[in-house]
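Paired with chain B in one complex and with chain C in the other, chain A is shared by the two complexes that follow.
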Partner chain A sequence: MKEMILKLKEELAEIFPEIVTMNITPDTLLEEIPDWDSMAAINLLVFLNDHYDLNLKQDSLTDDTPFGEILEQIEERVS
Partner chain B sequence: MNFQGDISDPFDIVSSFMALHRFGASPCFEQEDIMTILGAAAPVRGKAKKEDEDIKTQIWEAVKENANAARQLHLLFKKKILDYIASAQDVPEKERQRAAFWANQMVCAYSPSNFFWTNPMAVKRCLDSDGESLAHGMESWFTDLMDEDFLTKLSDPRKFRLGENLAHTPGRVVFKNELMELIQYEPATLKTHATPIVLIQPWINKYYIFDLTPENSFVRYLRDRQFTVFITSWKNPGTRMRHIDIENYMFDGVLKAVEAARDICGVKQVHAAGYCIGGTILAALLAWLNRGVVPKRSLPIAHWTLFSSLVDFSNPGELGVFISPKILSTLESMMRIPGFLDKRYIGLAFRMLRPDSLIWRYHAHNYLMGGELPQSDLLFWNSDNTRLPEKMTTSYLKDFYLDNRLCQPDSLEMGGRPIDLGRIGQDLYAVGAMKDHISPWQETFKICRLVKGATRYLLSTDGHIAGIVNPPSDQNRRKYRTGPVLKTDDPDQWCQDQAVCTGSWWPDWTEWLARRCGALGPPPALGSQTYPVLGTAPGAYVMEK
Partner chain C sequence: MKHSFVHSTGSYLPENHVANEALTQFPPGAAEVIAQKTGILSRRFANLDQCTSDLAIQAAANCLEKGDVSPGEIEVIIVATSSPDRKQPATATRVQHFLDAKNAFAFDINSVCSGSTYGIFLADAIIKAGQFETVLLVGAEVYSKLLSPKDFSTFPFFGDGAGAVLFTAGSQGEGVLHSCLETDGSEHNVIQVPAGGSMMPFDRLENRGDLFFKMNGKKVFSFAIEQGTQIILKLLEETGFRPRDINCFIAHQANINIIRKIADNIQVSFDRFFINLHDHGNTAGASVLIALDEAIDRGMIKRGDLVLTVAFGGGLSWGANLIGY
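What follows is the complex of A and B.
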């Protein structure tokens, strides 16, 4: 899980540059990303679809969605 | 140097920074900070020279490490700029906000992610595809240039067709004038409520934000819950409409739509719901109607809803940086020849409110990484801007934003009557969105304290669009708070006092409507003798570019 978080963090830096300064854990919430809002959520959806072929609905990515849930979905998709 | 009134600074950018300087902002950078970051990056560059490693891995590793140093520098740069702006003493708050806004544009533009060699994913894609990604990115850039799309596309326009996979809930155009087409949707149920819903859409964008793909369609949701639904689709104005004022939208648009819906449904009253500026003008119309001698029960609107609409513009959110007498004068000059405000400026202004999310991420994705354009109905709609008539733009910015006259009793005269929101006695359901940067929710809350009718407020999470287009679904984890509002309620206290509910707020609204919209009966026909069917939805105006 830790390796996956590091990889995701590195990739997400392209859409959320300030994420490099954050300590991301499975419990970190999306609202903790600086400037997180509904447009940022759309960008995250596009990113997950682009990089991991994950097709999530926008209303599933809310302020209180933890990174752990996204990681689980990625793991499921990859496996 | 005094930049006040200088035509070389039409948007008050330089004067904002001069104000900060005058009010004693402290210098930005310490050399040591920069050297520390560069020093940390320097040894890494040597690693790329190791001959026993694969050349692609070497480049990738070197780019990653240097990009990391560039990001650290950029974050330092951002912090110092923001500290500089914050350090000015006693500077007027509007000047500070304006300086912060323009500084943020610069900071976002200089993000390392926006440049190829400091964007590791762009380099990796280029290496992995033997340069194809970069070639594809350049192709996208050239296409955008040819399309005069200078800010990069947000969504793939080839994937969406109005009337086919967007705005395709079945309906008919039942009224048309030089300003508006009125669409009546086909019923989806054997019985419908007696009172129809008339949706007054903003004319800054196209109406189909309420009729996106079927799973996101607000009108489809209402139709499926036994409501008869009408919606306004505004004409995209050209030079000949330069004389159209805000009162034309009120009387030739909103009131006409209400009259047509009443006639078609054979009822005395409708429910009217306005979104953004559509709601603002609906509030003015309600005040105008209540000013007359006709008793409340005979007025054509029985109750109403506002979605993210301002009536008090004293704190208009981030759009406020574009509002000043000097900027208005600049816009007037820009509109003088064409007779309208160009949709590209409107699009640019809205995208500048979120430069990272709406400009630079797509620059990196489309051009540097050569990515495929996203297939997002919301982003497609977001790019489908409209023009605004010259006269309406001027009076809206001056009377509503600059002079804030709508919320002052009898300050504004429209249609020959003084406008006083305090006279509105109809029940109101007002919706605001917690992260709305165009209509801050605390400001949208104010209408509940201005009118005399009973009010219910609903605070949705998310922003100006996602807070309203909020369909129920299995995955919906959004939240909202709702409850009645007393005239003395403070918005923040009200927010604290309400329970948090999970899911879409649409069911709460439709329950509220169902209690007020009369008995169920056979649905009305499409159109009437006075308002015959003129064509099928989505009509012609929405197609106008």
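What follows is the complex of A and C.
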């Protein structure tokens, strides 16, 4: 899980540059990402679709969605 | 001292309307988010075979036709663009050729979204210097070819288009009364197209994303409100006018919420600001000149009116001009 978090953090830096300074855990909420808002949510949806073929619904990424949930979905997809 | 009159204006928007709903690379709810966050409902995209000078030429021709001026009378052509046809030569040279403006010298300026206001200042300065009397300024942008189609932080917000103003010299009356321009170069990374120049040549490209336009949206939003307000108030203080003396404000058309906040800050009714971004999107350095032309065409600006243009963008740069139309 730790390795996955690091990898995801590195990839997400392209759309959320300030994420590199954050300590991300499975419990970290999306709203803790600097400048998180409805536009950031759409950027994340596009990113997950492009990088992991994850076709998530817009309402699945809310302010209080934890990173752990996204990581689980990525893990499921990848396996 | 000579004054620079707005002899005529023109504009050109590509015919291809692209509504928010047509951006199907983004999730279904994205259209509403775009509209809510920016006020943009649709934008115009150039055809695949249209380049920036093609739009500039159309806007310029429209401007000359409305002003009943032949191309041969133009002495100077300035194209304000941050999406040039090529790295070189200047986009203005192709405009000069296809306009058949044989007597004009032509060059580009690039101040990204502030290009229109910087261009107005420059055209005015050229006329005030006394050697030339007919200056054609064109703002032209084709951002659709600079944007990454999957980048939601940039792609939905920009459109293509061109606006033109023909300035002529006169000795009485009004015209361009004053300009204020500022730059904060410490923020040069906030808005950029990283690759393709001497800083990052194509053969040293490591990340394909660097080919495309990037901006820090949140930072730009607060910068635009703060400095857009500041430069308007500075211009008015330096010219002795008050916000309520201005008949029409032509603001850079980046985001309706920026314009609303600026109107609030200077305590002027929002309906004094001409708006077209709902249909055109953000046309970068062309936006003020397109809006100026459309405001005149629609009767929102009439002869004798006091017009204030304001723009803000990459550099970071910002500027404002006061024009007696």
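As a working rule, the second predicted complex is superposed on the first by the 79 of 79 C-alpha atoms of A that agree within 3 Å, B and C clash if a C-alpha of one lies under 4 Å from a C-alpha of the other, contacts with A are read in each partner's own complex, and residues count from 1 in each chain.
Here is the rule we go by: contacts are C-beta pairs under 8 Å (C-beta built on N, C-alpha and C of every residue); 3 or more make two chains touch, one makes a residue touch a chain.
As the structure is a computational prediction, the values presented were derived from the model and not from experiment.
Enquirer: For A:Ala13, using the defined touch cut-off, is the partner it touches chain B, chain C, both, or neither? Pick first, second, both or neither.
Expert: first
Enquirer: Mind working out whether A:Ser60 is in touch with chain B, chain C, both or neither, as first, second, both or neither?
Expert: Touch partner of A:Ser60: chain B, not chain C.
Enquirer: For A:Val78 in the superposed arrangement: first (chain B), second (chain C), both or neither?
Expert: In the superposed model, A:Val78 contacts neither chain B nor chain C.
Enquirer: With the two complexes superposed on chain A, say which partner A:Ile42 touches: chain B (first), chain C (second), both, or neither.
Expert: Both partners, chain B and chain C.
Enquirer: Let me test your reading of the model: by the given contact rule, A:Thr21 touches which partner, first (chain B), second (chain C), both or neither?
Expert: In the superposition, A:Thr21 contacts chain B only.
Enquirer: Between chain C and chain B, which one touches more residues of chain A when both complexes sit on the common chain A?
Expert: B
Enquirer: Under the stated touch criterion, which partner chain does A:Asp50 make contact with: chain B (first), chain C (second), both, or neither?
Expert: A:Asp50 contacts both chain B and chain C.
Enquirer: Which chain A residues lie in the overlap of the chain B contact set and the chain C contact set?
Expert: 14-15, 17, 35, 38-39, 42-43, 45-46, 50, 57-58
Enquirer: What residues of chain A sit close enough to touch chain B in their complex?
Expert: Residues of chain A touching chain B: 10-11, 13-15, 17-18, 20-21, 35, 37-43, 45-46, 49-50, 56-60, 62-65.
Enquirer: Using the touch definition from the top, list the residues of chain C that touch chain A in their complex.
Expert: Residue list for chain C touching chain A: 25-30, 33, 36-37, 150-153, 207, 209, 216-218.
Enquirer: List the residues on chain A that touch chain C in their complex, please.
Expert: Interface residues on chain A, with respect to chain C: 14-15, 17, 35, 38-39, 42-43, 45-46, 50, 57-58.
Enquirer: Looking at the complex, which residues from chain B come into contact with chain A?
Expert: 64, 68, 71-72, 74-75, 111-113, 119-122, 354, 356-358, 361, 364-365, 369, 371-372, 374, 376, 378-379, 435, 437, 461-463, 465-467, 470-471, 473, 475-479, 504
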